[in-house]
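Following: one structure in structure tokens, then a few remarks.
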Amino acid sequence: MKLDLILRVMTKFILPYILVFALYVQFHGDFGPGGGFQAGVIAACMIILYGLIFGLPAAQAIVPQGLVEFLIPLGVLIYAGTGVVGMLLGGNYLEYTYLAHEPSHGHHLGILFVELGVLITVASTMVAFFFAFAGRKRT
Amino acid sequence: MSAAPGFELGHHLPALQVVVPLIGAVICAMLRNGTLAWGWALIVSVLTAAISTMLFVAVQAGGTISYGLGGWAPPYGIEYRVDLLSAFILLIVSWAGAIIMVYARQSVMHEIDAGKRAWYYCMYLLCLTGLLGIAITGDAFNAFVFMEVSSLSMYTLIAMGKNRRALLSSYQYLIMGTIGATFYVIGVGILFTLTGSLNFVDIAERLVTMQMERPAIAAITFLTVGISLKLALFPLHSWLPNAYAYAPSVTTSFLAGTATKVAIYLLMRIFFSTFGEAKVFEILPTTTILVLLSVSAMIGASLVAVFQDDVKRVLAYSSVAQVGYITLGIALANDLGLTSALVHIFNHALMKTALFLAVGAVFLRIGSVRLHDLDGIGPKMPVTMAAFALAGFALIGTPGTAGFVSKYYLAAAVIDKGWWGLVFVIAASSLIAVFYVGRLLEAIWFRAPGALAQKASDPPLSMLLPIVGLSLAVIWFGVDTRLTVDVAHNIATMLLGGVK
Amino acid sequence: MSDKTPKDGEPGWFERKRNIDKVWYVLLVFGAILTASEFLYEHHPHFAIEEIPVFYEIFGFLAFVFIVFAGKALRKLIMRDEDYYDRD
Amino acid sequence: MTAIDVNPGLLMIAAGLLACLLPRVGRQLLTLGTPVAGLLLLIATPMGALTTLPIFGYDLTLLRLDGLAFPFGIIFLIAAFLNAIFALHQDDRLQDSAVMIYGGAAVGAVLAGDLASLFIYWELTAVSSVFLILASRTERAYSAAMRYLVWQIGSGVLLLAGILLHYQETGSMAFTTITLGSVGSWAIFLAFGIKCAFPLLHNWVQDAYPEATITGTVALSAFTTKLAVYAFARSFAGEELLIPIGVVMTCFPVFFAVIENDLRRVLAFSLNNQLGFMLVGIGIGSEIAINGAVSHAFAHIIYKSLLFMSMGAVLYRTGTVKASELGGLYKSMPLTTIFCIIGALSIAGFPLTSGFVTKNLTLTGAEYAGYFWIWLLLIFASAGVMEHSGIKIPFFAFFSHDGGHRVKEAPVNMLIAMGIAAGACIFIGIFPQTLYSILPYEVTKSPYSVQSVVTKTQLLTFSIIAFGVLIRAGLYPKEIPSTNLNTDWLYRHVGRYFVGVLAYMARWAWAGVCGGWRATLGAAHGLIRRHYGPDGAMGSAWPTGQMAFWATVMIAAYSLIGFWYLL
């Protein structure tokens, strides 16, 4: 497949748009359909497509295995950390009211961080799945 | 919404109980290094245990604590609700988690590949998170989520076993666990359509005014069977022996000490504080069914244990039997019965953990837990095996040990109910326990040592201390029953007080 | 009784007919003396049966004979091969 | 609690547990030293001492010392000491610690003041003693031990049930007089009865004791049944039902003993017969009769130990105690012969031996109470004792036709143990007041009146003459290697077929219902193994599909039952 010029060129064209779409879904999450989970999957698709076309080593050069394994817990940490910050600022756990001066801003901010956490974890988990399956040798 | 700005530790204890191990698990995964991860996990699990202890003290002093997650007031938001029952279970689970963690380092070093150790501790803490979450949450669906958190991490913990069959066992457990969880969530779904609520207390309040309709029965059915799978009630127990036998030693100890106990907690929560004793036990023949199943477990599983050649499997089948004691106590649905069930949850966690830890120490030294390889190992590992013997005696129900206390109350409960035949069943089951424990002890202490046993010796101190500590606790709680019996009695009174 | 371990084939003291007879006659004489002594002391019978002369002698003798013959009869009923329970 | 008010039984148990871990010398020091320490402790404890420990909401009486408990405590400790000497030649970790725990449990039970403690010690004697049988390490011993264990645990379970019922009825856990009547009291009575080898419940004694080890049998003969005698004396003194039971017990074993070939089994039968005497005394319940029972138990432990020791020595040297294979041993083992004869004279109750002075009390009790038939049957049984223990044991083992065994005299430690026991038999026979002084009630009369000496001697001498007549006439039954059926036939033989048939039927029924599924019923070892063993339906790993199938079955069952109830 590496020899297929059309696929390679088209893939390179498409990749940035996939990322942009992922971010759109992510940030549009609080107003329309979307959110961290979907965005994460879309973002992961970018890496997966790249890996499919250019091969596993190339994909792992962009996103090393170590980074993936670091990002998975990082997302959860951001999610849980947001909750703890809310707690430290005086609310209950996962209460975003006190994150900003005004409750509605606080909630906005809180959701943003939580969704970011979700995005990171979901995206990296999907990539990890892909790496795990693609990396299996035939026996 | 509520709560004045400013951080107050006492107020946030319920959240911290879950959040601390959760964040701990995440950071564990980022640490990458086995030993570092162990140190961190130890700190986290001890902190968790400390939190549960504080919660327990607070609940005993001031009654039920309610915590609205995200500041949303119950019943609309998710509520963390710590009553005496929850606090008791939290105490057992978190302390088991902490004590086993002390032991874990050497055992994990021996049994898990270097690259996976940090993940192992991560999964351990996640599992702890899930189990604590089930016990603390007041929300039926949230309980399902935590059930999945604990189960998924537990499958991983099992699959990391060195034996290739660990994978298959883990897979079987996954299938059965998923069926169980599905049944549970179906039950919760039916309850939700019936009452429009997911909060246990709220559901209970709404159910009080309702007739016992068929959907409610269907809900009970699915919830009971789903949870029965999780707690390995006969005949839904068969995932358990393999899972126990092939998992790494630390996993087995943790699983045996905590996982089934939390499932039992959930069953009690649903029977007594959601539906209410009157609905479950008076309208439906729950007592009869549960008694039959419990008795089958007590006798059948014990008999199977007698013939097993693998020490872990002997203990695993014994666990199935011991679960039978607990469900028998629940089935009686009287004060003494519930007391005995709760006491036995505590005592069984204590002695089974001690036993499995000791077996883990054997595995560390000789790389086998087949009964034949343990011949004559007693004099070679005297301290470990003396502790093993103590815990074994407790398992039989020898007076002066914790096991006797629970059996005593169970017998009293049965007599209180006027069911004499069951006393003999309990005695018969104990008699079979004499056989399977005696068989182990005879091999360990009185046979000529084999080639493997010859070179065994007591494990390092970090493993020895938890083993010895737990087995001494087995004696301690056989004599001093203030923590166990008095608390259990209060809980029983609370549960039977009915649904307000 | 001899102190040394006797050689094989050489009958011990208690295996010679003459000695056995000696023991037997001593026993008979002792029995006779005992029977005679019955009439030399004052009786305090608790039960009427004890007033029968030579009651204890007769009772002891008959009881013994009865037990032995009853045992023999019992054997007919309950005796089995030595490995009775070992067979399947 | 002062330092001295410790139950010596606990001391023994602790030492027994410790002995598990020690090398041989340490164990020997413990087995010898602890009974002595226990004796000193017991003697130093003031009469009437009472130690209670509040636990589980009621008071456990850890120590209660009174006139009844004292002699039993003393003799159990003495027996433990004698047994320790007798066992010095062997190096067996298992037996050393088991026997101490066993003896300790017996002492503990005697000194315990409440039924809960009694139950604990009761079970402990059962569990610890079974190791003395297992320690023979033969297939026969293993199955005998399992049958023994079933009986013993059965007694324990019954006792537990009885205690709980009794507690419900009376609200009292005190270990004291119990009146027969309620279900609970009957359960306790029966539990004691099993351990005391009541007729028809007796056979575990003859089944298990001869299979135990050489030293184990000595310990077994001392503790278990005498503990039951103590329990009866404590709880059922004066219960008239015990009299007929006791009389039957004195009489029926003598017939079995006559034809038994295994001499240790003969002694086991004789044990039953002796227990009968004690039970009669307890049943009569007068002061003199109770004294008789207690002192008889005391003396009995010594001479029965002595007899078992002498047979043990024979077994140790020749490898058999079958009457048909023995004989002529007086030449090889002269000292053992003498000690055995002293034991035999004692058990038969010749004047100047311990058996005379103690059995006399029971007989006097029966005479005073005017129980004519009881008295007559006891006299009859005395002749029976003469037959099987007084004559048969020494005659067939040491005299009779030469069995061809040319062996050494018993080991020194055995001789010492037997010597002490034999000395004690004669000492008590000559100075009965030493024993009488520790009995629960005062004894005023000396046993040595002319009448009692003459009549008992007449009885016994003419029994011997009868033996002489029979053997000279060739009428005495020959010793034949055999198995004699007893009540155990019911569960060892018929039971096997019964279980087999049941299992067959169950399997057939199951097969009809679930298409070849194997039955989960069955009581016999093989059957359980077949179903619960690693390859059985229960024990094997189930395929995932089968697990899921059961989950479905459960859902269906619950739903159906639930809906049925709403109809």
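Some points to look at:
We call the chains A, B, C and D, going by the order they appear; numbering starts again at 1 in every chain.
Everything below uses one rule, namely that a contact is a pair of C-beta atoms (placed from the backbone, for glycine too) under 8 Å apart; a residue touches a chain by one contact, two chains touch by 3 or more.
Predicted model only: the values in this text are computed from it and were never measured.
The chain occupying the central position, as judged from C-alpha centroids, is B. If you compare C-D with A-B, the chain pair joined by more contacting C-beta pairs is C-D. Separation between the centroids of chain A and chain C, computed from CA atoms only, is 104 Å. For this pair, chain C with chain D, the centres built from the Cα atoms lie 28 Å apart. Taking the mean of the C-alpha atoms as each chain's centre, chain A and chain B sit 36 Å apart.
The distance from the centre of chain B to the centre of chain D, with each centre set as the mean of the Cα atoms, comes to 43 Å. Taken as a contact graph, the chains are arranged in an open line, each linked only to its neighbours along the path. Chain pairs that touch one another: A-B, B-D, C-D. Those residues of chain D whose C-beta lies close enough to touch chain C in the complex are 140, 254-256, 258-259, 328, 330-332, 334, 337, 367-368, 370, 372, 375-376, 379-380, 383-384, 386-387, 399, 402, 406, 450-451, 454-468, 470, 472, 475-477, 480-486, 492-493. By the touch criterion stated above, chain B contacts chain A in their complex at residues 1-7, 12, 15-16, 19, 22-23, 25-30, 67-71, 122.
Residue ranges of chain A in contact with chain B, taken from their complex: 69-70, 72-74, 76-77, 80-81, 83-84, 87-98.
Looking at the complex, you find that chain C touches chain D at residues 1-3, 5-6, 8, 11-12, 14-15, 24, 27-28, 30-31, 34-35, 37-38, 41-44, 46-47, 49-50, 54, 56-65, 67-68, 70-72, 74-75, 77-86. Contacts from chain D toward chain B in the complex involve residues 20-21, 55-56, 93-94, 119-120, 123, 127, 134, 149, 153, 157, 160-161, 164-165, 168, 520, 528-529, 531-534, 536, 538-539, 541-542, 544, 546-548, 550-551, 553-555, 557-559, 561-563, 565-566.
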